[in-house]
Amino acid sequence: MNAPIKFYQTGTFTVGNRLLSAEQRSVQASLERNNSLNSGHRACQGCGEALGARYAVDAAMRATQGQLIAANATGCLEVFSTPYPETSWQLPWIHSLFGNAAAVGTGIAAAIKVKGRNNLRVIAQGGDGGTTDIGFGCLSGMFERNDDVLYICYDNEAYMNTGVQRSSATPPAARTATTMAVGTEPGAVFGQGKNVPLIAMAHEIPYVATATVADLHDLEAKVERAMGIHGARYLHILVPCPLGWGAASNDTIRLARLARETGLFPVFEAERGEVTAVTKIRRRVPVEEYLRPQKRFAHLFGPQGQSHMLERIQAQADRNIKRFGLLDTESAQ
Amino acid sequence: MLKQIEGSRAVAEAVALCRPEVICAYPISPQTHIVEGLGELVKSGALTPCEFINVESEFAAMSVAIGASAAGARSYTATASQGLLFMAEAIYNASGLGLPIVMTVANRAIGAPINIWNDHSDSMSQRDCGWIQLFAENNQEALDLHIQAFKLGEELSMPVMVCMDGFILTHAYERIDMPTQQQVDAFLPPYEPRQVLDPADPVSIGAMVGPEAFMEVRYLAHAKQTLALERIPQIAGEFAQAFGRESGGLVRAYRCDDAETIVVALGSVIGTLKDTVDELRNDGLKIGVLSIRSFRPFPLTAVRDLLQGAKRVVVLEKSFSVGLGGVVSSNVRVALSGLQLHGYTVIAGLGGRAITKASLAATLREAVADKLQPLTFMDLDWRIVNRQLEREAATRRSGPIAENLLRDVGAVASKVH
Amino acid sequence: MLQVRFHGRGGQGVVTAAEMLSIAAFTQGRHAMAFPSFGSERTGAPVVAFCRIDDHEIRSREPILAPDVLIIQDPTLLHQVDVFQGLHTDGYVLINSTRSFDELGIGDIISRFRHERLTNVAATEIAMKHLGRPVANAVLLGGFAALSGLITLDAVSHAIRDKFSGKVAEGNVAAAAEAYDFVKQELLELAHAQTD
Amino acid sequence: MTMQKPFAITLDPGSSLANKTGTWRTERPVYVDRLPPCNAQCPAGEDIQGWLFHAESGDYEAAWRHLIRDNPFPAIMGRVCYHTCEGACNRGKIDAAVGINSVERFLGDEALRRCWQFATPAAESGRHVLVVGAGPSGMSAAYHLRRMGHSVTVKEAGPLMGGMMRFGIPKYRLPRNVLDAEMQRIVAMGVKVELNTKVANLTDAMRDGGFDATFLAVGAHIAKRAFIPAVDSSRILDAVSVLRSMEGEDQPMLGRRVVVYGGGNTAIDMARTAKRLGVTEAIIVYRRTRERMPAHDFEVEEALQEGVMVKWLSTIRQAGEGALTIEKMVLDAKGNPQPTGEFESLEADSLVLALGQDVDLSLLEGVPGLEIKDGVVQVDPATMMTGHAGLFAGGDMVPAERNVTVAVGHGKKAARHIDAWLRGTQPQAEPKKHAPATFELLNPWYYSDAPKTVQPQLEIARRTSSFDEVQGGLTEDNALFEARRCLSCGNCFECDNCYGVCPDNAVIKLGSGKRFAFNYDYCKGCGVCASECPCGAIEMVPEAV
């Protein structure tokens, strides 16, 4: 069959596709995939970050033929992957501090450059705390210098490692250990928000993208794209956390999918500060559908439900949809 | 080659001769001239291959150095004062990971009140961070120590701080003997990392270590510094062989042989002390100077051997542990444990207060006469202090001390010293 | 040991003057140490710089409290800062000014010192003439060479060329030379006045 | 380069494999197979999902070979089967059911185009089986029995093979070349077919032929009569004979206005045939309403499109000279038609009765042990064997819904039991049916949107003027597209989802065609694999305590 054919039963959206040749399939479908983050790690059942990290790093490994070094911020990913005497990492990897992953990445990139090992590439990775809060200065510096590092933020929207405290990536109304579901405006406040992908774009770095663990093909394509570019790149991946979100461990991917389908988490690509591509919503759903399965939003529902907060969250989703054009004109209703 | 240049420039050129591959720079007085000099050398192509990175903070400076060193590059940075504190977390990390980074600390006081002048509070605040800390007496030694620091640090796979007095050394023009590239290359082999980030052998560096192994890790760091106690004099010896001059080592004694009174100090004040001691000797006082070159590891044995013959020890230091007294003297006391010596701690030169020969001589005469207070603050303006103390006795809330002092002193800059 | 203290204002190259003097001494095979009164002074603020010159290693790093030489780049400081503090009775004083000590209102202070070691030179004017900018530091060094004879004009020129390059260097060298001749001339006249 | 790694701080890659996280598990994922609704529904017992799987990858021969394990007539089925499978298809709940029937037809036609043949049996059993009737049931049985290595003789009273497929189903629904080809393919296996050979007496036939067993499938060819007072001049025929005569030379004389009496598919076929024969008016008279009509609605629809008229709620009371007397009916509470006493006259040159058919059981005279009830032979529904040992029966002559697909299913089932009976064994028990793959078990997100492809239809003009086939076939691309719309309900199709979405890399990919296995050393039992399995082929079961 030379004419391009869509795959239905065999799945346009599934991880693999038996009708495609091996090299056309996703990295995760491959028998030779790297499993950069190996079995035996101590992540919770259904950990979205463990999944996202393997997705992203495996893709980067394929894009670089394994010539990859990773710097890691302190956080769940680091703690569950490298408790002495075991590590789950299969690539050269370094953990230094909570707030300096981007700078360590810069250092590695500089060493690689000065040693002329130009085939080697660098990624730096961290959670939302290590990225949008404590590591923000180093991140911005790395962007501003346009250092040859791909920074990957695994965003689970709070400090899970320390027991689910609020981070600047925690969404409004979400309950955390430091934003309890009490008082007149329970949960995290409706602040101005801190949209790090947009802030990254403001640095006009070569590449910025968002993705979720629910859309592997999109995620892998973005990593591959990023590794094809030199200079500072930023990839922000939404990785649901069953523990911190109070969700069922088997709902990890479903929730990531709903975050996108509600419009609360816009998935897009930007180059040099300009949005170049948007992943459209396929089946639009109201925010309730995304919020209900998460205990951190339980106070929005039930007899004492906070309908006005629900409306504000829906409004946020609608704003995203408008701002990024997340709906196809025909399916826009 | 003899040159009459600024200390910062001398250090910059010496560091360049060590062929660092990654230099991270964040400006802070009085370190600026060093990184400016290196920046120029890299940009002009005189130092190549080398990546000179203008980072956004000292925290980033040390972090970039960590990454570069872990990836196998010889890495260098410089800082001072608040900058050292701002990178403190990364400093501990660099030593914990055993990365042989070399860093110049242009010693400067720590605020508040903010103060850009020289003392040793910054280096001393990091005395327990696991780095080797070497102190330079003059600019010649400052530049020599950097060459030795790379050799030492890379042999032991641990980071080294070269401490030189801010302004007093960094901004002083004096005669130095700059070695040639050939000399340095012969002395300092290329960097062979202990551990390196390389896909050929993909290790994980920086694991989380729990109670089952943490103490062992810490002890091993100590064992390493103990090893450094042997290597530092050896390397100083090798250096003397190669370059024909004494530099570094653990300690240096000046006219201590028959000394009944020995002044212990570190850094550039040693020079002034030597002149002072000469004058006192002329007046027949049996006094000498012991300068500590390596503060970490602290040479307990060497210090004890040199001091145990004396009657009294005066530790003169530019650092101060509020609520206790001397920092250096506490360390010296450990070396002297069990010995019955008169011990005096003289705090001097904090925040750039000039240390004059006259004051030194007067203080030391008192010491020799055993009239000195065990903890003495040299050239302290008691007039101001007492006034403030009275104020505080009078009222609980007397406003910030610094503000009041300034009010009493009047304009700062109009004084020569 | 010769101890020289420079007084001026931020931006007038006072520190540079001290450094150039140390270089000049170095080129004559002597040991020298130049250092500023370390501070965060900004343009216009009073600045002090020091230079020690000796035949062996200089170890003391205390500020120069009892100078052998005072070089005052900015006469407006004369009544603001106690510039003469600690000056030896047989010390040298070189002031950047066209006006006489009496006109400067320091006649009585000056009378405490050996008058043949005191002089002033219109360094700023000379600098304007040769460089088009009022930077008197190098010029004064030329004057100092003439006044004290403790360093040669050649050494000063060498130091200037070490610090500067191109037109700036040559302009300064020329200016320093003119100041040198001017001071020599003054001293000559002074000597004649003595003998007369 | 060997590193002197610092103690504890620097670790060797992948060492966490020492940490068996499987111990965290309270539930374990297990791969299961579930029964897809299409398969569950198919009267011929086809493994529809199975042959679609091959079709998806464009391996049509493999698909066809998989299909004919159960049904030797794909090309016929693809035309005349009423494909209740599509009604059951889960995809119907997403967009539209998979066009199973059209793909089956494509495979059947492809097989004919490329002359794919059935394999001849590996070994001969030495047993001889008589099959009476060369209709769908009989030929299906003959085919399966032959595959099992028995020699088979089919005795057919008629001049041609096909039975009701030929004499009951008009050309425009089943072109005869297709019918003949699929019949011939069975003959090619070595099945002996004796045409124009009516078995008058079964006992004699079996004895004379020395048969070891017999399968009866004579069909129902005798038209039911209804008493309608008529004048001699009135022309009354029965649909079965009219349709049969269509196969012969001389076409039936129906006049310009034809009334067909009845509501079954035969009535519809009759009316549409009449239209094609050029009558000006073909009117169906039926006692009940369209909703209650036994004929398949799509056929009614096609008939109406072709200009056939229907008088609902009407019975024929009398047949007179060129006209019929019709009485209007009403439905009572139970939905049964009741006379109203309202009459009207309807002009008609001929009246064709299509009131169902009876079986000619004369050949069973004197066979012991048989039980005949309601005009059909009673059989054990599990084995299709009659009360007489070694005598099996199927198709329209046994109690069941009367259609080709059911008949073919009977043939298959009977063959299995005849074989077992001959060998004196129990037939290897059918693999026990899996739990049904219901729509709720699926995760439809992973299937992209793909509405059903419509088969081309002949335009009305040609449909009423000729016997050309009304329903067209699919092109290869369409067939492939259609095959790929299958969701593979309840059975792994190797989409790699479980392998990809496991946060603990605890799924082992066994390679193409080998599916997957769980690595319980590391599986923490989070259940993501089960939730994200598109086709519901993973089940979470609690760990035994």
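Chains here go by letter, A, B, C and D, matching the order in which they are written, and residues are numbered from 1 within each.
Simple rule for what comes next: a residue touches a chain if its C-beta (ideal position, glycine included) is under 8 Å from a C-beta of that chain, and two chains touch if they have at least 3 such contacts.
Just so we're clear, the structure is a prediction, and the values are computed from it rather than from any experiment.
Ranking B-C and A-B by contacting C-beta pairs places A-B first. Set against the Cα centre of subunit C, the chain with the most distant centre is D.
The centroid of the Cα atoms in subunit C and the matching centroid in subunit D are 115 Å apart. In whole angstrom, the spacing between the mean C-alpha positions of subunit B and subunit C is 34. One simple way to say how far apart two chains are is to compare their mean CA positions; for subunit A and subunit B this gives 44 Å.
Centre-to-centre separation between subunit B and subunit D, using Cα means, comes to 93 Å.
Residue positions of subunit C touching 2 or more other chains: there are none. Under the contact definition stated at the top, the residues of subunit B that touch 2 or more other chains are 97, 198, 201-207, 209, 213.
Shared interface positions of subunit D, i.e. residues touching 2 or more other chains, are given as 8, 11-13.
Of all possible chain pairs, the ones that touch are A-B, A-D, B-C, B-D.
Across the interface of their complex, subunit D is touched by residues 96-98, 157, 193-196, 198, 200-207, 209, 213-214, 216-217, 220 of subunit B.
Interface residues of subunit C, counted against subunit B in their complex, comprise 18-19, 22-23, 25-27, 31-41, 45-46, 48, 58-63, 65, 81, 85, 162.
Of all residues in subunit D, those touching subunit A in their complex are 8, 11-21, 24, 52, 56-58, 445-448, 450, 477, 480-481, 483-488, 493-497, 499-506, 509, 511-512, 519, 521-522, 524-528, 530-532, 534, 540.
Across the interface of their complex, subunit B is touched by residues 66-69, 71-72, 78-79, 81-85, 87, 89-97, 99-100, 103-116, 120, 137-138, 140-141, 144-145 of subunit A. Those residues of subunit D that touch subunit B in the shared complex are 1-13.
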